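Next come two complexes built around chain A: one with chain B, the other with chain C.
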Partner chain A sequence: MSRDKPKVLEVKHVKTRIKMESKEYAIIEEIDFHVDSKETVGIVGESGCGKSMTALSIMGLLPENASVSEGEIRLQGTNLLTISKDAYRKKRGKEMSMIFQEPMSSLNPVYTIGFQLIELLREHTTMSKAKAKKKAIEMLQTVGIPRPHEVIDEYPHQLSGGMRQRVMIAMGLACNPDILIADEPTTALDVTIQAQILELMKRLQEQFDMAILLITHDLGVVAEVCDRVIVMYAGQIVEEAPVLTLFESPNHPYTKGLIASTPKIGEGKERLHTIEGTVPQLSEMPKGCRFATRCSEVTERCIRESPPLVELSEQVRCRCWLYPKTSGVSV
Partner chain B sequence: MENTTLVKENVPGSLPLSIQQPRTSPLREFIKHFRRNRLGVIGLFGILALLLLAVFAPAISDRPTGYGDVTNMLQPPNAQYWFGTDSVGLSIFDQVIWGTRVSLYVGLTSAVISILIGVPIGLLSGYYGGRVSHIGMAITDIFLTLPVLPLMIIMAAVLGTGISNIAIIIGLFSWPQIARVTRAETLAIREKQYIEAARAIGTKESKIIFRHVLLNAFPPILVNMTIIMGTSVLSEAGLSFLGLGDPMSWSWGTILQNAHSTGVIIHAWWLALFPSIAIVVLVLSFNFLGIGINEALNPRLRKR
Partner chain C sequence: MTHFLIARLLRGVITVLVAVTATFLILRVMPGDPTTMMLDNRVPEEIRQQLLKDFGLDKDLFTQYLIFLKQLFLGFDLGTSFVQRVPVMDVILSRLPWTLVLMSVSMLITALIGIPLGVIAAYRKGSFLDQAINALSILGIALFIPWLGIILLYFLGLKIPWFPIGGAVTVGLEGWDYIWDATKHLVLPVVSLTIVHLASYVLYMRASTIDVLNEEYIRTARAKGLKERVVLWRHAVRNSLLSTVTMMGLQLGAIVGGAILTETVFAYPGLGRLIYEAVKEHDYPILQGTFLILAVTVVVVNILTDIVYSYLDPKITNS
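Up next is the complex of A and B:
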């Protein structure tokens, strides 16, 4: 994890705004992170904290009423926010891919698996139809689909959820992207299938030399596959740390709460810890620290002023007044 | 038929190698369910029968022109003239057969025209929303509020009473329904995850709209197309009855108009009855076909 690794993705001070009922709200703010090549970075947080919006901002797939208003998103050094729409589109599926939560509805029901894979390959490469078909079968085989020669002529409804997620992964990887963004890829699957899919993603990461940005609310998944973790709360990064560090010594009260609310084997005697309350509404975002309303260690300063994201040690950053800038620079 | 079939070679002591599912494409599924739908099949056969009549009209009967058998004017149905004769001795049977051509032509042409106008407007305003949608839907709403019949009469009078003109005029006034249905479907499909997934792999926007969205929105468009075919045949009959039809070709409305204008309709009931039955059969057939297609495509409407 040394710093001199080439950065595949750099997200710098990104702010995404959404327009609702003629008012503008910032749904994500000061998002600042990077993904090194061949690295797996996890983004965790509860529903509505802006995880998915971060992913969509990077992919350029935000809904019509939302847009990135500040910052830079660099993929292999190219700022995606300044290139043309068409150039952006050409990068999707080729240099960056995304897989979604719902494999059941991610494939177009009226086209065969083969048609959709071949269409993708022919969009981004100059392959002939026959060659694209061969490659499509090869990809299905790579992601562990049995009898790929037959599946290629089948329709999405003939496959199970796990199979469809495999097909989605095959589509995501068909053009050998530099980074795969996976938005809750295992949430809709059975636990046994979840493990298979995670294992597959890990294996393919090595095979295809790509980086993965994994978005999830499941700390178990994070512990399993990620190298580094970013914890988000209410549209901001509240903590960032290598995965082991995060689980062993979490800093931010929110991270502590999250880890405490995860059930552990052999400790089933007490009630599971919960963080009281919910993420504040966009229209009622507190002036100070956004977690102040639910924090157990809240001080007066937290309500008054918003804390900066502070580097505590190498690769560890935290946004909390409990950790004054003793050993780092404010970001 | 749709049960899973085991691989034949089932050697004792060994398990079957695989359980094969029959190949099912959406089209096969559709045919399977459509065949079970009685109304739909009746409608389909009705339309096929009318199509055959229209195609083979020259073989079945002579084209009625000028004066017919003047010694047999206003004959009621009999062995020689199955549907009777009119006031100039022409066979009503021949007129009805030849009228099938005109009616089907008008139905198909106006349905195609309304698809060509309605589908793009509905697709684009549904997919892009915002200003595009406002403009598209404003035009659609304006067309829906227009007093259609007077305008059709005026246009028919201005353009001249050719049968193609009639078809075009009817088509120009039937598309708003298609546009609305297409837009409603597009609005739902646009939000589907497979559309987002298609965007995420860099599919061109035009491809997303015209391949991914359109094909999924197709079933209700098809159903509405059959309904439009039925109503445009009705409109054509109405226009012809008002004397705005093509005097050079026989349509069912023209037969009714002749019966009305010569004032014999009170005495000669067969002049009105047979073309009316033809109109009813055709419109019902199209509607039944529409019902059949709809039920075959929509699992919730399927009866077991």
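Up next is the complex of A and C:
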């Protein structure tokens, strides 16, 4: 991935706050990354690290008590945070779309698959009803749904989880978006179905020329489909690297821990590595490095001062005091 | 669907039978008998006994019950009113339309106002508007129909005589004049029934819409770039209506109860007022007949509710 590729999505210094019991907390901070066109970027981290909140911040779908308070989110150069609500809405489902973790509950149970697809097409295009229906059937076929002519008149409860996720993907792609944000798209599915869905997403990415931002806690999924990986911890990016580099030479102690705690076939029978402790609570965010309490290489400086995200080489960034500023600039 | 309907109908018949039997028994364990109200206590005992014999009340309870059932199922005969000496069926048929008009107009208006208010309150949860809607609804629940009725009658019937203070229609009118007059008579009773029952619709719809708005398919609808209006009224309301429709069916019993009080206060010549009069006079056949009709109405409305529900919920229609 060279630097001069056009950037589909640029997230700059984004900070999202949430209001709970009349106190405000930053759930994500200093989030800075970009997705090039046709690229697949993965965001990984434990539950509660802010990866879903990052996705919802981009989509403008944050819950009522949360909002982006700082930064820029640029989609094809347009800062989404400064355009009108209605202009933002018109981009959702058309220029950027999102699929979710639970295909079982992501489709409206009282409307047919066809209705939900046609409604989307009619919102964003000037298609006639008949033409939208034709397009809907075509999309169902594209995502590998058998007998699309019948499925179009069926209700979500008549389909399996894997089929529903295919329908969600069909809705995501129907308007040919520049980027698809997939929040744990395979987590709720059987392992065999997971592989099929990932394969489908990769195939469609080629076909539709779109970028994918994949949010997952599963490093196996990341290894399979991503070009670049962003590791998040406690609302911050702690490491970013091309996928091979990340697995071959992880820098941040947290990334090392994550990789070490993934089981590998054919490697010993000793106990699986675990990272002790849990992600700190929003109300108890440490002053220094947020990973300090769980880190095996912690120093005194880590507890006192928060490390910046430092560029280690052209495409590798890491937030850790172990790595001095070498070449790049801190952000 | 046919299978489902037959099962519901059978259950309905059993429900009606139980209701009819219960009414029959309750009436006869009430203190006093029809003659206590009808006759002065100076009337000789033989005349009283003769009257009881005429009414068929000298036989034992079980025989009375058998006669009652036989008349009902073989002759579709509800008996003769003790007081008015006319067939109960005729009395009921002359009163039933007024009650049906009163109840259906009130239910319709309650639903048309209550459902949108509940949805808006849910969408603006925690706002001033939501709190105002909540407070007013609860005030409505707390009101006692006769009290509200009298207040309405005093101010809008007597002080500012916009509406008639009793009855259902002025005698001798025809055509549009008749309809206009009947409508004017209907306003105050409908207003008081509606105010009292509005709250349950509002609060129910509010609660179920709040639940639905947290569902993931609502987030999907927003992720599709649909307008907020569409997300709320098309994607959320259709789902939150499901539980509210069930509640509306169950609520009918309360509305019937409310109708008795309302009709009494407004001297409205419906079934409710008929029941009130018949209780005072121990008119067993009238009470048996009206309760039978009410039981049938409640059962029919509940079956209709189930049909509406199955139409709203594809999980039922398609399985």
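The rule we apply is simple: the second predicted complex is superposed on the first by the 330 of 331 C-alpha atoms of A that agree within 3 Å, B and C clash if a C-alpha of one lies under 4 Å from a C-alpha of the other, contacts with A are read in each partner's own complex, and residues count from 1 in each chain.
Methods note: contacts are C-beta pairs under 8 Å (C-beta built on N, C-alpha and C of every residue); 3 or more make two chains touch, one makes a residue touch a chain.
Please read these numbers as outputs of a predicted model, since none were measured by experiment.
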Room on chain A for both chain B and chain C (clash or fit): clash
First (chain B), second (chain C), both or neither touched by A:E138: neither
Which superposed partner A:E199 touches (first chain B, second chain C, both, neither): neither
Partner chain(s) touched by A:D209 [first = chain B, second = chain C, both, neither]: neither
Chain B versus chain C as contact partner of A:D153, first or second or both or neither: first
Residues on chain A lying within both footprints (that of chain B and that of chain C): 59, 61, 89-94, 97-98, 100, 102, 105-112, 119-120, 123-124, 155, 158, 168, 171
Complex contacts: residues of chain A adjacent to chain C: 59, 61, 89-94, 97-98, 100, 102, 105-112, 119-120, 123-124, 155, 157-158, 168, 171
Residues of chain C touching chain A in the complex: 215-217, 219-227, 230, 235, 238-239, 242, 312-315, 318
Chain B-touching residues of chain A, taken from the complex the two chains share: 59, 61, 64, 89-94, 97-98, 100, 102, 105-112, 119-120, 123-124, 153-155, 158, 168, 171-172
Contact set on chain B toward chain A in their complex: 21, 23-26, 129-130, 192-194, 196-205, 207, 212, 215-216
